[in-house]
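The following blocks contain the structures, represented as structure tokens.
There are two complexes below, and they share chain A, which is joined by chain B in the first and by chain C in the second.
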Partner chain A sequence: MEIDRYADLRSPVHAWDPRFKVAAAFVLVLVSASVSSTGALAAAAGGALLLVLLSRLPVGFVVRILKAPLAILALMIPLLLFTAGGEALWSWGFLHLYRRGLLTAVQIAVKAVTVVLLFAGFFGTLRVQTALKALEDLKVPATLLAILMFTYRYIHLYLEQMGKLLTAARLRGYRLSRGLRHLGATAGVVVTLLVRSYEQSDRVATAMRLRGFQGSFPSLRRFQQNAADVVGSILAAAWVGLLLWLELR
Partner chain B sequence: MHISEGVLDSRVIIGGYAAAAGLTALALSRVRQEEIPKIAVMGAAFFVSSLLHFKVGVTSVHLSLAGLVGIVLGLPSVLALLAGLLFQAVMFQHGGLSTLGVNTVIFAVPALLACLLYSGLGRLAGGRRVVRSLIAGAASALAVLVGAAIVLAVLRLSGEELTGIAYLFSLAHAALALVEGVVGFVVVQQILRVKPEMIPAGLLRRRS
Partner chain C sequence: MSRRGPRIPDRGERLPVAGAGILVARALRFGYPEGPEVIHEVDFSLGAGERVALVGSNGSGKTTLLLLLCGVLGPNGGRMEVGGRRLEAGSFDPRVAYLFQSPEDQLFSPTVFDDVAFGPLNMGLPAEEVRSRVAEALRTVGAEPLAERSPHHLSGGEKRLAALATILAMSPEVMLLDEPTSNLDSRNRRQVLGVLGRTSQTLLVTSHDLEFLLELCSRVLLLHDGRLVADGPIRSVLSDDALLEAHGLEKPHSLIPHRHSGAPPHRA
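What follows is the complex of A and B.
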């Protein structure tokens, strides 16, 4: 599942300068995940929905992004309803449906959907590499950034390798779903992955040194903000201000 | 072991980010440039291994490998785990952006503990491979339990009504601890056989 599959569409959110967008994303995600008053939660959810609508991302894509968090909620909410304690709304034998559980469940669900919508709106509208480049301009330490860039690249490589290793193991009769009985074989896959990656990292380090790596990657991309970017950022700041005001009122 | 979006309250989110930032800064101050690829590949391997789900009883668990990453990398494991967790959130919405700080703490603290345990006891074990593997297995299992304990603590801090869920979650991780212990033992035993320089005992003094 590629988060940046629709990064090349055209919309006001796509056009926003990546540096402002990434900064706004972090602040808004943190503030939206932190609020707890009803007014602020509703405003955060509305804002996130507006952002996704503005971004013109396909509905199917946004729904697919929501799927994993919703699956976790579906698992957690029934548990929460019956274990929260406090005043019971409804009882059946030893089962009690708690009022506090219901309120918390609604709050968690709204917050989770809000934050994931924000995430889709902000990070679905720019390439991952562009976002990392923007982090460089936002003064994230170069070493950390280099680690992030390399990790992103190797994840794709190892997903492929892991697929091959598992295919090879399956051909010998291995089944991941067998769980504990095939644990030794699973460990074997992990060993191969770790040792190979470790050896590869040695070669990469040498190659980097030979090419005169100075701690950061040169890039031809330069960001240039215009009036619209500044307006967008003022709107984002106003949005954060509104949420904080509703929360602290 | 990840905490997903929407569950934590503001103090825990901010505290988690503060603690993760501290750990990250500490790790960054010790990293040399030629270690970057090694940290990144371990981060990627951590990310990929977490996709190995399998059934234990009625529930399904996936490997966390935090302990192993700690044993192989030492202090820089914080950076590998942070990178792996960030991309798990970005690519699979596993975990989340608001919970990235807390999740980093949940994985990094156990990783560092496993590393301390392995390098401390491993030196005593000397060259005996089986003993060192057993220590690594125990350290991996302990890492899962410590991670689960941190999850329990942050869920409790976020709201009393989450207590029930927190305990159920910890229970599920007792099973995972067992699995990770076995995987840690087998993996370290085989690494010691084919590539012993990858995990020397006395890792903390490895900076040469």
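What follows is the complex of A and C.
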């Protein structure tokens, strides 16, 4: 799924200067993941929900982004509920539902959903190339930016190549579900993909050198902030301040 | 300009090199480390604006020769010259551009615009000129609507045109094109042919699509096992059955005389 599929919609979040938006995203994700008090967690989740509503992103898109973390939570939460120990809220034979497990599970679930909503709201309203430029303006190291840029550019290609390799293997009887019996073939697919990606990275490096690459990615994109961007940033700062106050009071 | 008629040397014989070419290869030799020599004493000269085909069977050394000519590989012997100046291996020289066989190697930026602007920006050109060059290159290949698209969203033909724009934006004097029509359907192939036919640059083009080369180029270099075995007008060289047969090539369909049987065409 493309995270920037709806980057061209019109909303106050879309219109926000990408540099402020990216900076706010990092600070809010960090603070939201760190707080643990009920009030701060509720404010973080409520704020993230409000952000997504303001961004006018389609509900189906946000739900699709939420699917993967929710699937992981669905696997993890039952374990927490029944193995945390301490005061049991409910028992059935050898099964005990623990209070501490329930509280931890709720806390983790709220934090995970909040972080994903923040991610959707901030990065779903921004083209990937714009986000990269914003990160560059925020002085993120060029090497890290290059890694992000190439990951974005080539991940689709390698997934497609892996799909083709697996199809070619399946057409000759390969089944991933056969586990150890087909471990050699699985390793073959992975190694082939690695070798191809290595060779391609060499060619891409050559292509870059032939067009004068000297270690940085010059760009013509420039950002200009206006009063609305400043107001947005003040609101984001107030949101962070509220979370910290609720956490520390 | 070295226009030498349908000159087909004996094996091992070196063709004379004219000195005034825009791109000159002088006694070029190359072998990969720990390997045998794969390019042997290659000499030729391309005139300004000339469109020259480089043909040969698989493994004949065409791509290696192109990589030598743009300075990606360093020769074991001999030299390359562009516009009378020696081309140093490993140096960036915007006068010579190279188009990779796969556009996936050429297009590495998040958008087509960024990719086309990459070369001119690295040349240190002012922002306005970069914008103007990007617009002109995209207009030349007919890819203006693709400017803000991500390369991975483009079709094969669109990727090829965008890749061409990335080198056109640098206004090179010489363009080395490695299989510019591979994996293209006939319509996209026609479009690439149209774009290349309109360019004023010197072209050296490798392809197994000999019909494409016949339409685009006036001269051909035939490489076999890393040796230049023929250099001459494309129609003469590609009409020589014995020469093509000896070097693993087949005469293009359009150069084979057709006889009509008089029978009506079969209708399904």
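Throughout what follows, the second predicted complex is superposed on the first by the 249 of 249 C-alpha atoms of A that agree within 3 Å, B and C clash if a C-alpha of one lies under 4 Å from a C-alpha of the other, contacts with A are read in each partner's own complex, and residues count from 1 in each chain.
Quick note on the criterion: a residue touches a chain if its C-beta (ideal position, glycine included) is under 8 Å from a C-beta of that chain, and two chains touch if they have at least 3 such contacts.
Computed from a predicted structure; not experimentally measured.
Engineer: Going by the contact rule stated at the top, is it chain B or chain C that touches a larger number of residues on chain A?
Structural biologist: B
Engineer: Identify the partner contact of A:Leu194: answer first if only chain B is touched, second if only chain C is, both if each is, neither if none is.
Structural biologist: A:Leu194 contacts chain B only, not chain C.
Engineer: Which partner does A:Leu220 contact after superposing on A: first (chain B), second (chain C), both, neither?
Structural biologist: A:Leu220: touches chain C, not chain B.
Engineer: Touch check for A:Phe26: first (chain B), second (chain C), both, or neither?
Structural biologist: A:Phe26: touches chain B, not chain C.
Engineer: Between chain B (first) and chain C (second), which does A:Val116 come into contact with in this model arrangement: first, second, both, or neither?
Structural biologist: In the superposed model, A:Val116 contacts chain B only, not chain C.
Engineer: Could you look at A:Gly212 and tell me whether it touches chain B, chain C, both or neither (first, second, both, neither)?
Structural biologist: Once the two structures are laid over each other on A, A:Gly212 reaches chain C alone.
Engineer: Per the contact definition in the header, classify A:Val128: touching chain B only (first), chain C only (second), both, or neither.
Structural biologist: Both partners.
Engineer: In the overlaid three-chain picture, which partner chain does A:Phe150 touch, first (chain B) or second (chain C), both, or neither?
Structural biologist: A:Phe150: touches chain B and chain C.
Engineer: For A:Leu80, select first, second, both or neither according to whether it touches chain B, chain C, the two together, or no partner.
Structural biologist: In the superposed model, A:Leu80 contacts chain B only, not chain C.
Engineer: For A:Pro141, select first, second, both or neither according to whether it touches chain B, chain C, the two together, or no partner.
Structural biologist: In the superposition, A:Pro141 touches chain B alone.
Engineer: List the residues of chain A that touch chain B in one complex and chain C in the other.
Structural biologist: In the superposed arrangement, which is not itself an observed complex, chain A uses residues 128, 149-150, 152-153, 157, 200, 204, 208-209, 213 for both chain B and chain C.
Engineer: Any idea which chain B residues touch chain A in the complex?
Structural biologist: The touching residues are 4-10, 13-14, 17, 24, 28, 31, 33-45, 47-49, 51-56, 63, 65, 68, 72, 79-80, 82-84, 86-87, 90-94, 96-99, 159-165, 168, 179, 182-183, 186-187, 190-191, 194-195, 198.
Engineer: Quick check: in the complex, which residue numbers of chain C touch chain A?
Structural biologist: The contact residues of chain C facing chain A are 70, 72, 92, 94, 97-98, 100, 102, 104-111, 114, 117-119, 121-123, 127, 130-131, 150-152, 166-167, 170.
Engineer: Could you list, by residue number, the parts of chain A that touch chain B in their complex?
Structural biologist: Residue list for chain A touching chain B: 1-3, 25-26, 29-30, 32-36, 65-69, 72-73, 76, 79-80, 82-86, 98, 100-101, 104, 107-116, 119, 123, 128, 141, 143-144, 146-155, 157-159, 161-162, 176-180, 182-184, 186-191, 193-195, 197-202, 204-205, 208-209, 213, 215.
Engineer: How about chain A: which of its residues touch chain C in the complex?
Structural biologist: 127-129, 132, 149-150, 152-153, 156-157, 200, 203-204, 206-214, 217-220
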